[in-house]
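You will see chain A twice below: alongside chain B first, and alongside chain C after that.
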Partner chain A sequence: MAAHCESGTVTALLNHGGLEITEPMVFGIASGIFFGYFESSNFSFPMFIVRNKPGSMRRNIAKRMGVKFYNKSFKKPQQGIDELDRLLADGHPVATQVDFYYMEFLPEYIRAHINVHFVNIVGKNEKNYLVSDAYHRDKAELSVEVLNKARFVGGYMAPKGFLFYPFHIPENIDFNKAIIKGIKKAAFDMTKLPVPFVGIKGMRKFAKKVTGWPELARDIDHLSHEIMKINVLLEDQGTGGAGFRFLYATFLQEAAQKLNDSQLEGMSKRMMAIGDDWRNISYFAAKIGKNRDLGKERLNELSQMIYNMADQEQAFFSELYKMVK
Partner chain B sequence: MAENNLERLKTEVKEVIIKTLNINKINPEDVNDSAPLFAPDNPFGLDSVDAIDIIMTVQKHFNVRIADQNLARDVLESIDTLAEFIHRERNN
Partner chain C sequence: MKEKEAHIDFDLHPLVLYVEKEDGSYGRIESASFLSSNYLDDYLEKIKKWDRELKDKLEKGDISPVYYYMIMLEFGESDLASRVGISKRKLRKHCKMAAFEKISLKLLKRYADVFDVPVSNMLNFIAINEKDQKRLKISTRKSNNPYITISKIEIQ
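And now, the complex of A and B:
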C-alpha cells in the first residue's frame, strides 16, 4: 500500500533495486507538494491539483539522486506489449501508465476513467500479469487483455503504453543535498512562480472563484457534485489525505532526522497542522455539498477557509525557503 | 485486564460515533464490533462524509492521529479495528 500511485511505484522500484527509501522521502525530494487552480475550455468545470504534474516525481528523483530510468512510450500497442514482456522476462519489475478504470481488482465504486494512474508490473503467467498497485494491499492479477486495454486507451493524456524502471541507482547518494534541493524547489514553486493560478496565488484564486461556482453549475445537483469533489481531491486515495500535506509533513520529519535539523522538525509539525486544516475544509465541503447547503453565506465561509490556508501556506513556504536558501 | 480495557474502549468508540453523527435510534450494543463499518447493512448507515467526521472526532476525543488515507481505510474497517488502533496508539 502507498499513499499515491506515482511516488508509490517509484519507491517500490527503488526498494527493489536495493535502495532503502520511504514514499514520503521520494515525495519530498521530488517536490511533490503543489497547488494549482485551473479554468480552461478543456475542462467542464474549474479544477484544482494538490501535487506536481504527473511524471515529475520520476524526473525529479532522477535529477536530484542520480538515478537513471529507462522510459518509453509507444505509437504501436504491439511494440509496447512486446517491450513490457521483454523487460519482465529479463527480470525487471516495470512501472506502467494505465487507465485506472481497468484495475479490476479494485472495488468498482472507486474506479473511474483516469488516464494517469501508475502500477508496477512484477511478473506474468500464461494468462495474467502480476500487478502491484499502490491502492491494493496485495499483489493482484490482471488479464493480459485488460492490462493491454488499460495501457493503450485513447483520450486526454493517453498512456501510450508508457513504462519505466530504474536501471542505475548510484551507490552513494547525497541525500542531504537532494533533500535541500527538493525543499527549495517546492517552496519556490509555492511562493515565487510568477503564474497567477499556481502555488499560493492559485489558492487565493480558488478562494476568490469558488463563490462564483453557482453561476457555472447547471443546477444545484451539479454544484453539489462539484463542491463534494473538493473533498475527493483532498482526501480520497491518491492524496494520502489532506491534499498530500500529511505526506509532506512526514517527509519533513524524516528530513529533520537525516539532517539533524530541529527547525525542520518544527516545520513538520506545522505542516501536519496545516493538513488538519485542509481536512476541515474537505469535511466542510463534503457536508455542505451533501446537504445541498450551498447558499452565498456557506460559500463565503468556504472561501474564507481557503484564504486562511493560503495565508498559512504563504508563511510556511516562505519560511521554509529561507531555511534552505 | 487489557481485554477489559479494550472492550470498554469499543463501547466508548461506539458511543462517540453515535453522538458525533447524532444517531439516536441505535444503542452501542446493537452494533457488531467486527462488522464492516461502511457496509450497506451496518446499522450506522455511514457514508464517506461521515468517515471524515469520525476521523476528526476520534483524533480529538482519543488524542490519536489518523493522518494517512490508506491507514484510515484500514482503521475504519470495523469497531474492532478502530478500537485496536486507538489502544495501540495510546500505548505507544
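And now, the complex of A and C:
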C-alpha cells in the first residue's frame, strides 16, 4: 500500500530496481504537492486536485535523479496488450495507467471513472493479471479482459495503455540537488504560476466558488454529496489533500536530515500543522454534508476556512521558495 | 497529525497516512477512510434515493436510460461523449427519450459498453424485493453474439 497511486507505483518500481527511497522522498523530489480548482464538462461537478499533473511525478523523477524510464502509449490496444505481456515475460514489473472504475478488487462504492489511476502489474497467469494497487493491502487478481478494458477506455485523459518501468537507475544520485529542485518547482507552481485556477490562486477560487455550489446541485442531497466529496478528495483518493500535506511534511523532514538544514525541519513542522488544518476542513465538510446543514452561513464558514488555508500556504510556499532560490 | 489521533479501524477501506510519531519523527501508518467508517450509510441511502427517483422519471418517459446511467455513474458530459465517440450536443439530446428512441442498436451497444452493462440493461431493469436480495443471485453471461447476454437467477 502507499499514500498515492503515482508516487506509490514509482517508489515500488525504484525499490524493485534496487534503489532505497521512500514514497515521501519521491513525492517531494517530483514536486507532487499542488492545488487546482476545475470547472469543466469533463467532470460532473466542479472539482479540485491537490497534486501535480498526472504523469509528471515520473517525468520529474527522471529529470532530477537521472533515472531512465521506458514508457510508451499505444494507438492500437493489441500492441499495448502484447507489450505489457512481453515486459512481464522478461521479468519486469510494469506500471500502467488505468480507469480506476475497473479496479474490481476495491469496494464498489469507491470506484469512479477516473482515467489517471496508476497500478503496478507484477505478473500474469492464464486468465488474470496480478495487480499491486496503492489502495489495496494485498496483491490482487484482475481478469485479462477487465484490465485491458481499464487500459484502453476512451474519454478525458484516456490512458491509451500507457505503461512504464525504470530500466536504468544511476549509482550515484545527487539527492541534495534533486531535493532543492523539487522544492523550488513546487513552491513556484504554488505561488507564481500565472493561471487563475492553480496554486494559491486556485485555492482562493475554490473558496469563492464553493458558496455558489447550491445553484449547481440538483437538490440538497446532491449538494450534500458534493460537499462530502471534499473529504474524499482531501483524504481518500488519489488527489488526497490533507493526506498529501502530511506526506509533504514527511518529505521536508527527510530532506532536512539529508541536507542538515534546521530551517527545513521547521518548515516540515509548519506543513504538518497546515495538513491538520486541511483535515479540519475535510471533517467540517463531512459533518455539514451529513447533517444537510448547508445554508448560506455554513458555506460561508467553509469558504472562510479555505481562504485561511490559501493565506497560510501562500506565506509557507513564498518562504520555502526564498529558502531554495 | 499525531499518530494516536490517526488510527481508524475500518477494514473495507484501508489507507496509508503519514503522521507524527511519539518521538517526533514523521512516518507511515496504515489507517482507514474517515468518511467510509463514519458516513457510508448516508452515502448508500443517497444512492438508493437517486436510483429510485431516476427510475420513476424513466418510467414516466421524462428522461432516457443514458441520463440515468450518466448521473448514477457521475460522468461529466464531455468525458462521456468522448468515451462513446459522439459530440456533447448529441449526448445531451440522447438524455431525452425523443432522441434516445431514434438511436441505432450499434450506438446503444456503445453506450452499454461505456456504462459497463449488458446492452439489454439499457432497456430493462430488474427489481428484487429488499427481503429477497440476499437470497437471490443474478449472474450475467456473455454469448458469442455481442448483443445477446444470458441472465441467470439463482436461489442461494
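As a working rule, the second predicted complex is superposed on the first by the 316 of 325 C-alpha atoms of A that agree within 3 Å, B and C clash if a C-alpha of one lies under 4 Å from a C-alpha of the other, contacts with A are read in each partner's own complex, and residues count from 1 in each chain.
Simple rule for what comes next: a contact is a pair of C-beta atoms (placed from the backbone, for glycine too) under 8 Å apart; a residue touches a chain by one contact, two chains touch by 3 or more.
Worth saying up front: this structure is predicted, and the values here are computed from it rather than measured.
Trainee: For the three-chain model obtained by superposing on chain A, do chain B and chain C clash or fit?
Mentor: Aligned on chain A, chain B and chain C clash with each other.
Trainee: Looking at A:Ile49, would you say it contacts chain B, chain C, both, or neither? Reply first, second, both or neither.
Mentor: neither
Trainee: For A:Tyr156, decide between first (touching chain B), second (touching chain C), both and neither.
Mentor: In the superposed model, A:Tyr156 contacts chain C only, not chain B.
Trainee: In the superposed arrangement, does chain B or chain C reach more residues of chain A?
Mentor: Of chain B and chain C, the partner in contact with more residues of chain A is C.
Trainee: Now for A:Met323: first (chain B), second (chain C), both, or neither, which partner does it touch?
Mentor: Neither chain B nor chain C is touched by A:Met323.
Trainee: Identify the partner contact of A:Ile110: answer first if only chain B is touched, second if only chain C is, both if each is, neither if none is.
Mentor: Only chain C is touched by A:Ile110; chain B is not.
Trainee: Return first, second, both or neither, reflecting whether A:Asn280 touches chain B, chain C, both chains, or no partner chain.
Mentor: A:Asn280: touches chain B, not chain C.
Trainee: Now for A:Asp221: first (chain B), second (chain C), both, or neither, which partner does it touch?
Mentor: In the superposition, A:Asp221 contacts chain C only.
Trainee: Could you look at A:Met272 and tell me whether it touches chain B, chain C, both or neither (first, second, both, neither)?
Mentor: Both partners, chain B and chain C.
Trainee: Would you please give the residues of chain A that touch chain B in one complex and also touch chain C in the other complex?
Mentor: Chain A residues touching both partners: 1-3, 135, 231, 235-236, 246-247, 249-250, 272, 275, 279, 282-283, 286, 290.
Trainee: Quick one: which bits of chain B touch chain A in the complex? Just the residue numbers, please.
Mentor: 47-49, 52-53, 55-56, 65, 67-70, 72-73
Trainee: Taking the touch rule as given, give the residues of chain C at its contact with chain A in the complex, in rising order.
Mentor: Against chain A, the touching part of chain C is residues 1, 12-20, 25-28, 30, 33-36, 38-40, 42-44, 46-47, 49-50, 70-71, 73-80, 82-85, 88, 114, 116.
Trainee: Where on chain A is chain C touching in the complex?
Mentor: Residues 1-3, 23-24, 40-45, 101-102, 107, 109-110, 112-113, 134-135, 137, 153-156, 158, 221-222, 224-225, 228, 231-232, 235-236, 243, 246-247, 249-250, 253, 268, 272, 275-276, 279, 282-283, 286, 289-290.
Trainee: Can you check the complex and tell me which residues of chain A touch chain B?
Mentor: Checking each residue of chain A against chain B gives 1-3, 135, 231, 235-237, 239-242, 246-247, 249-250, 272, 275, 279-280, 282-283, 286-287, 290.
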